[in-house]
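Two complexes, one shared chain (subunit A), two partners (subunit B, subunit C).
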Partner chain A sequence: MTRLLRNPKTLLFLIIALSVFLVSLGGGALGNAFNGGFLGSPIAHIQLPAESVLTDPLIGNFYLTNTMLATWLTIAILLVLSLVATRKVSIIPGRLQNLFEVLLEFFLNLMESIAGPENARKFFPLVMTIFLFILAANWVGILPGFATIGRFEPGDEVIHHAEVKAEKEHSHLNLDEVQLQVFDGNNGVAILPFGSIESVITGREFEEHGVDSDRRAGLLVPFLRSSNTDVNTTLAIAIVAMLMVHYWGLTSLGIFGHLGKFLNFKGGPIGFAVGILEAIGEVARLISFTFRLFGNIFAGEVLLAAMAFLLPLIGIIPFLGLELFVGAIQAFIFAMLTLVFASLATISHNSEEH
Partner chain B sequence: MEGNIQDLAAGLAIGLGALGPGLGIGILAAKAMEALGRNPEAAGLIQQNMILAIAFAEAIAIYALVVAIIIKFV
Partner chain C sequence: MNSNKIGTILRLLGIGWYVALCIGGGALGGLWLDRNLDANPIFTLVGLGLGIVIAGLGMYRMLMAVLTSKDVFINEEDLG
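Moving on to the complex of A and B:
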């Protein structure tokens, strides 16, 4: 350790890292308690449902949400990458082709060891697509610009929306619970500011005092938000996965073979109860698929927002690394579970009796 | 004492919900270390499977977190 510290380069790096960390600590929420807080971005507005990018619905009751835009962006990135990778397929692969070949071969080998060579080739397209899509969506979702650049929703509109929501729930709106952020400038696009944390005001303060004329109070509605923070996206992937699992079960076991697992009349009362339990298990799988991915990615977003509040700019970097890891692990788990469920569905329950 | 009963509910949801997965992850890691001690050559395989299993256990804590977030923010 002492020899390491004597190395001037290491020492310089350590000193810089430490000072940068102290600056970020002092500039953040802790510093704000002692009148520092020069870096502190205000704590992000956490909202569960995806926000609409446009103020009006696109068609009828259909809103263009920011998670949908992020999903389209992910699809576009995947399309362009795979087109570029397969444009000039050669025996001696180029860099990008090589990357994809390594990834696909790794997965195919893994799947063959789990499901057997024949089934692995049948399941491969769906499992690999799920993996690539979720991985790309999670990694795109932590790029800068996500959840920080967006439409500005003025304060009176925010209060109006909250009132409408409270009326629907037959409760009374408490203006102290409505939080607004103060932004500089007056144009329509807002960027999460590097201001003081004090630039968060409640709805009552806004109604009574207003804000300075060169500022505006309201909320940021981001244009892009990580697609898996919307439960609709994860539910859609889960439904596709489970539908395909049952399709493969039907084609490999036949209608009676597959449905006989859930409506089992041959095994007596105990067999019947087990079949019903299995049917409930299928629904539980769907729900657990949905909420595992959604929860992990949404919790990651909340964690990043909280860390940007506590340790702005620098302290957040390790957590970005953690999010990269979690995104990859969740994509892998989703793909592997689809594979395991599919290979379970193609095996007959009575196979050991025959 | 001031406060909303909702805040208490959210705190209890994640607090109790993290209890089980915390124990589970601890047991998982302990068993993996044990296996590592018995068979150091299988380190890569053990680590890979351990991380996968930990992610499953963690997912249950995440369900509790989702419930807590829903209680708090919706």
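Moving on to the complex of A and C:
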């Protein structure tokens, strides 16, 4: 340790890293208690359901949500990437083609070793699509601009929504618990700049005193939010995956062979009970698919929001790296689980036992 | 890591969810029945007991399937 510290380069690096960390710490929420907070902004409003980008529903009761926009953006990115990568396919691949070839080959080899060569080629399109989509969605979700730029929702509307929600839950709304952010200017797009960490008022303060005429209080409703922080997205992927798993089971074992796993009248009462266990297991798979992905990505977003509040701008970088890692791992797990379930569905019940 | 291990790990990943669903589902279903039939706490206890039994049986089956298979290499040639 002392030898390392004697090296001037290491020492310089350590001093720079430490000072950068201290600047980040002082500029955040902790530094705000000591007259710092010059980098921070109020903590993001965290809510479970996806927010509507427009104030009015698109059609009937259908709202255009920010997670949907992010999903479309992800699809567009994947489409453009794959078009560019396959536009000029040559024997000596270009850089992008090479990247895709390495990725696809790695997966095909892995899948062949788990499911066998024939099955692997049958399952490959779906498994790879799931992997690429989830990976792209997770990585796109931590780009700058996600969850930080959005529509301004006026304070009276926020309080009104909170009142409606409290009424539904048969509880009384405490205005002190409603947090509002204060923005400068009067344009439609809301951004919280550096050093705006104290621009927060409670619902009661807003009702009693209001804000200055050149400022406005409300909430930032982001235009874009990571797609997998919406349980609907993950449930949709899970349903597609499980439907295809059962389709493959049906086509390779026949209707009776596949459904016989769940409704087993031949094996007596014990066989029937085992069939019921299998059926419950299928439901558990769907739920685990949905909530594993949703939970991991949503927790990641909350972690990033909290870290952006505590250690803004610089201290958040390691956590962004962590989110890149978690995003890749979750995509891999989802895709590989689909493969394993599909492999299990295509082998008959008896051969699995022996 | 070799791919057989990946397969085993992935199959074991689902067991926790299965147990949680059985016990949680049984207890919540029982609670709902109790509220509607005004039989507190009979169905909650029955649901919880049933959930635990089903979770145990299912977990035993899943673990045995993993443990008794020579490897998790789900290959047509191996099965034939």
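The rule we apply is simple: the second predicted complex is superposed on the first by the 338 of 354 C-alpha atoms of A that agree within 3 Å, B and C clash if a C-alpha of one lies under 4 Å from a C-alpha of the other, contacts with A are read in each partner's own complex, and residues count from 1 in each chain.
One rule holds in what follows: a residue touches a chain if its C-beta (ideal position, glycine included) is under 8 Å from a C-beta of that chain, and two chains touch if they have at least 3 such contacts.
In this text the structure is predicted, and so the values were computed from the model without any measurement.
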Discussion item. Taking the superposition on A as described, I'd like to know which of subunit B and subunit C A:Phe131 touches: first, second, both or neither.
Written reply: neither
Item to complete: Pick one for A:Ala284: touches subunit B only (first), subunit C only (second), both, or neither.
Response: second
Worksheet item: Which partner, subunit B or subunit C, is in contact with more residues of subunit A?
Response: C
Discussion item. For A:Leu344, using the defined touch cut-off, is the partner it touches subunit B, subunit C, both, or neither? Pick first, second, both or neither.
Written reply: second
Discussion item. According to the stated criteria, A:Ser113 is in contact with first (subunit B), second (subunit C), both, or neither; which is it?
Written reply: second
Worksheet item: Which holds for A:Phe123: it touches subunit B only (first), subunit C only (second), both, or neither?
Response: neither
Item to complete: Considering only the touch criterion stated at the top, classify A:Ile329 as touching first (subunit B), second (subunit C), both, or neither.
Response: first
Discussion item. Just to be sure I read the superposition right, which of the two partners does A:Val274 touch: subunit B = first, subunit C = second, or both, or neither?
Written reply: second
Worksheet item: Which residues of subunit A are in contact with subunit B in one complex and with subunit C in the other?
Response: 288, 292, 333, 336
Discussion item. Help me check something: in the complex, which residues belonging to subunit C touch subunit A?
Written reply: 2-4, 6-7, 10-11, 13-14, 17-18, 21-22, 54, 57-58, 61-62, 65, 68-69, 72-77, 79
Worksheet item: What residues of subunit A sit close enough to touch subunit C in their complex?
Response: 110, 113-116, 118-119, 273-274, 276-277, 280-281, 283-285, 287-288, 292, 333, 336-337, 340, 343-344, 347, 351-353
Response to the item:
Touching subunit A in the complex, subunit B uses residues 51-52, 55-56, 58-59, 62-63, 65-66, 69-70, 73-74
Worksheet entry | Contact set on subunit A toward subunit B in their complex | 46-48, 288, 291-292, 294-296, 298-299, 302, 329-330, 332-333, 336
